[in-house]
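Chain lettering (A, B, C and D) follows the sequence in which the chains are written, and residue indices restart at 1 in each chain.
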Amino acid sequence: MSDSRKPVCLVIGAGAGIGGNVALRFASEGYHAVLARRSDKAGLDRLIAQIKESGGSASGAIVDASEDGSIEDLVARTEADIGPIDTALYNLGAQIGNRALSDTPHRTFELGWRLGCFGLFRLAHVLLPTMAKRAKTGRHGTLLVTSATAAVRGNAGQHSHAAAMGGRRMLCQTLNAEFGPQGVHVAHIVVDGSVNAPDTLGKLLGDRFEAYKASKGEEGVIDPAALAQTYWNLAQQPRNCWTHEIDVRPWTDVPWWNDNPPPAINTSARKPK
Amino acid sequence: MSDSRKPVCLVIGAGAGIGGNVALRFASEGYHAVLARRSDKAGLDRLIAQIKESGGSASGAIVDASEDGSIEDLVARTEADIGPIDTALYNLGAQIGNRALSDTPHRTFELGWRLGCFGLFRLAHVLLPTMAKRAKTGRHGTLLVTSATAAVRGNAGQHSHAAAMGGRRMLCQTLNAEFGPQGVHVAHIVVDGSVNAPDTLGKLLGDRFEAYKASKGEEGVIDPAALAQTYWNLAQQPRNCWTHEIDVRPWTDVPWWNDNPPPAINTSARKPK
Amino acid sequence: MSDSRKPVCLVIGAGAGIGGNVALRFASEGYHAVLARRSDKAGLDRLIAQIKESGGSASGAIVDASEDGSIEDLVARTEADIGPIDTALYNLGAQIGNRALSDTPHRTFELGWRLGCFGLFRLAHVLLPTMAKRAKTGRHGTLLVTSATAAVRGNAGQHSHAAAMGGRRMLCQTLNAEFGPQGVHVAHIVVDGSVNAPDTLGKLLGDRFEAYKASKGEEGVIDPAALAQTYWNLAQQPRNCWTHEIDVRPWTDVPWWNDNPPPAINTSARKPK
Amino acid sequence: MSDSRKPVCLVIGAGAGIGGNVALRFASEGYHAVLARRSDKAGLDRLIAQIKESGGSASGAIVDASEDGSIEDLVARTEADIGPIDTALYNLGAQIGNRALSDTPHRTFELGWRLGCFGLFRLAHVLLPTMAKRAKTGRHGTLLVTSATAAVRGNAGQHSHAAAMGGRRMLCQTLNAEFGPQGVHVAHIVVDGSVNAPDTLGKLLGDRFEAYKASKGEEGVIDPAALAQTYWNLAQQPRNCWTHEIDVRPWTDVPWWNDNPPPAINTSARKPK
């Protein structure tokens, strides 16, 4: 039975950075964007208003993804009341900065897992079988997962975040292995650089946010609108050409796999490895 | 000094598959496409004619990339006579099928390296410093490299190809490390699946090509036009959001990191790893 | 203040396979082995007796690692009553076989995390600062972590296990980043093959265990005594030459990164990637 | 037909560092060590004398591995005149320091490939089929390959070395895929740190060598004798428990995957990735 309602783009973790921009981008293409975030209703309302002012369709909810049933209810309500979720973006992390192991309480490690990994599992659990069912009728959904460098290497001080992200990355592979052949596109995006996102990075750095961005130089932090374009492109890929993993970073950022600062070229006193 | 000529998209390895489609895609956006391939002038001319018929600008040359100076001359002639190369696609490999070590002569191993790795080094050598210079005036070039699963894992029988691709991938990282911060976008695309490409896969399989594609099912082989779109998207990324590595495959293909065939779910007699 | 008691090798997850054999190996070199497992006191007692009969020193406890405080108490009691833990082996996983997402309840996913990832975090939390302190006086401890292929790639049906193992691997990197420079050796062992372990693989396969081993051929499953030797070797590495990651598999097993079954050499009808 | 001569450990690249120490270690266990190096006959003779003085059996040759036929002749002469090569160590690289692309001539890039990748291919070509044949009678040979961080990531300035090492790593995987199941153990060792090796690192740093080692602190550079022990351990693994890849580094070295210097813990002004 086909659904005549607008397709929905559901964003879990819709701040003014990546999440809000992805919502805006998909809404500009005819999706109804559903924006979910944990707090700051005023900020949420601003994002929704911005989308509507651009001619797009949007709504939102304050949702604590770490709460049992929250993600499940959100998906159920959206499917019932708004429309079929054709694209879902899991945009939550639990990056808390660098803490020594002794300064990482058990509850912090667990919260990192709940938001960074378990929440994605719960979203997939409640949504992917539905997407797979719709895929049989030619309607192929997409699950986009904003991830981090911590998903591919564990830096000092990142116990909770890296464990959560490493788990997330492997979970994305298992989800892809099961649902890719059922017509659901699962993509894991390694954001290997800072994003100009007031609600996450901005909050973490506070006063130092503007100075930080200035210090990164021209085009030195990821513009979330540009990243949203990459997410849109992923969702547009036809089934014969699906990306599972992709990385992004600003041109002046050193990729995670490289020495930083880079070794001096031609005048290196240290033997390169 | 600015250049008023059309920007050039140079494709080294312009068969009717990925190379030809990337040329077509870029030409459709106002580039002049330069198509270089090793043989089959008639096929080359057909591709060029197709681009012109669509309203695009194109030219080409028969070039043996393994010959000393060939890549260098091609770049020099293009820059002098046609226009500034804003995007270069290195689309050569030396996939010869699976051969036992004893059936892989030294000259085969070397040819794989010449085409798969050294040719890319030569292209970068002659082009990237020029792109870096132009970047200072705001003109940011892109080097796209079509790569393979053999770049990330060495399968049995793939001695020459995997060695060449593994070298290619590391070379792309060193090029990115040096030229990314100079404003040149280097991207390594892992094509983890078969492409509907008559001139490469078609040649390798001969009579069995159509049957093979049919056996892969609906949307079971990569449509090179779809892949060209992904390449176009990469070239459009602004500097603050550059991808270095991305993978693609058909939805029904098992990613290289997964067991193939997939283990039976729920009825596995073998302990999963 | 130096400690004249025997150094302790603590094994969390001491079944008759890897855990029991590591305990035996370290005890044979003068360690006091403390064996902890969740159930089967008779089996535990047999392992302890076997070690004592060989002239070694051993004791054990039935411990449910998923219980709050259990790991912490075990470490505290061992340090207080037995001796300094110079080597700890975290040998727990939660491999439950392959289940579709819909057949993976939330509690299963969480239990996988508790045993596979959180338990290791808790062990590190309570032990590594102590090891780091002892390192200042020249006593360098070792944390060995038995891991799985699921730590490096997520196969279909492995949602819980892969998420837990992927998190484990990243956690091992963060622990190594913080404690390596403090003189504590952290090693992550990717066991990429079946181990001849009656208490884990044997239990999973039941009646089919012997037939399975026979089907794998000569030396076709990992002998846990051989693996224990590799663990011993890791613990003996001097500080100037520490391994963080190592893989093992039987000679006839196809490494996880390769196609399995391997492509036919020389007669391949399918284009290799 | 069994061979009553001493088993041979062939070291290609036998300087006073890793190569010489591996030769010494294996000779101490009853092997006849054959040491091959490109120059410095006096140094070679000193190593051979040292082994003999310890009661071991050794001989050597000055061999330019980049010359056609050199590796092949060395293997043939050894097998004919000395004994069966049970362990071969390919210990050559072509690390030349960091050079900009423009300062990396074509011949340098090619030489890196010849020594770093092609030489290994040639050694495998001439030796592995023989090892596979002997494996049928229960004699399982080992191919050890000293590799570098450049095999797993390409740093700025490392064009030649990274391309050669990346190719080497993939080649090791294809060799393992083909010969592992035939009873030949192929191991790729990622040496992710400086080795106290007078003939390679010492030569590169010249006067600064001692100061460099002092600056690395206590146990801050790899002791090649310790690394030789790890190589010995790999060669002793039984077939049911073979390692293909392993990494090593000094305890105070930051693993290649981590940010260096490490981010400040607890007082980070920069958002971690």
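One rule holds for everything that comes next: contacts are C-beta pairs under 8 Å (C-beta built on N, C-alpha and C of every residue); 3 or more make two chains touch, one makes a residue touch a chain.
In UniProt terms the chains read A, B, C, D = Short-chain dehydrogenase.
In this text, all values refer to a predicted model and were calculated from it rather than measured experimentally.
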Least step count from chain B to chain D, where 1 means the two chains touch: 1
Fraction-based call for chain B against chain A, same above half, different below: same
Farthest chain (mean CA position) relative to chain A: D
Centre-of-Cα separation between chain D and chain A, whole angstrom: 42
Whole-Å gap separating chain C and chain D, where each centre is the average of the chain's CA atoms: 29
Chain A and chain C: spacing of chain centres that average the CA atoms, whole Å: 33
Multi-chain contact residues (two or more partners), chain B: 100, 150, 153-158, 173, 176-178, 257-258, 262, 265
Touch-based graph of the chains, sorted into line, ring, star, complete or other: complete
Contact footprint of chain A on chain C as seen in their complex: 100-102, 104, 106, 109-110, 113, 117-118, 121-122, 124-125, 128-129, 150-151, 153-159, 162-179
Contact set on chain C toward chain D in their complex: 173, 176-178, 180-181, 183, 185, 219-223, 226-227, 229-230, 233, 236-252, 254-255, 257-258, 262, 265
For the chain B and chain C complex, residues of the former touching the latter: 95, 97-100, 103, 148-150, 152-158, 161, 191-194, 201, 204-205, 208, 212, 256-260, 262-266, 268-273
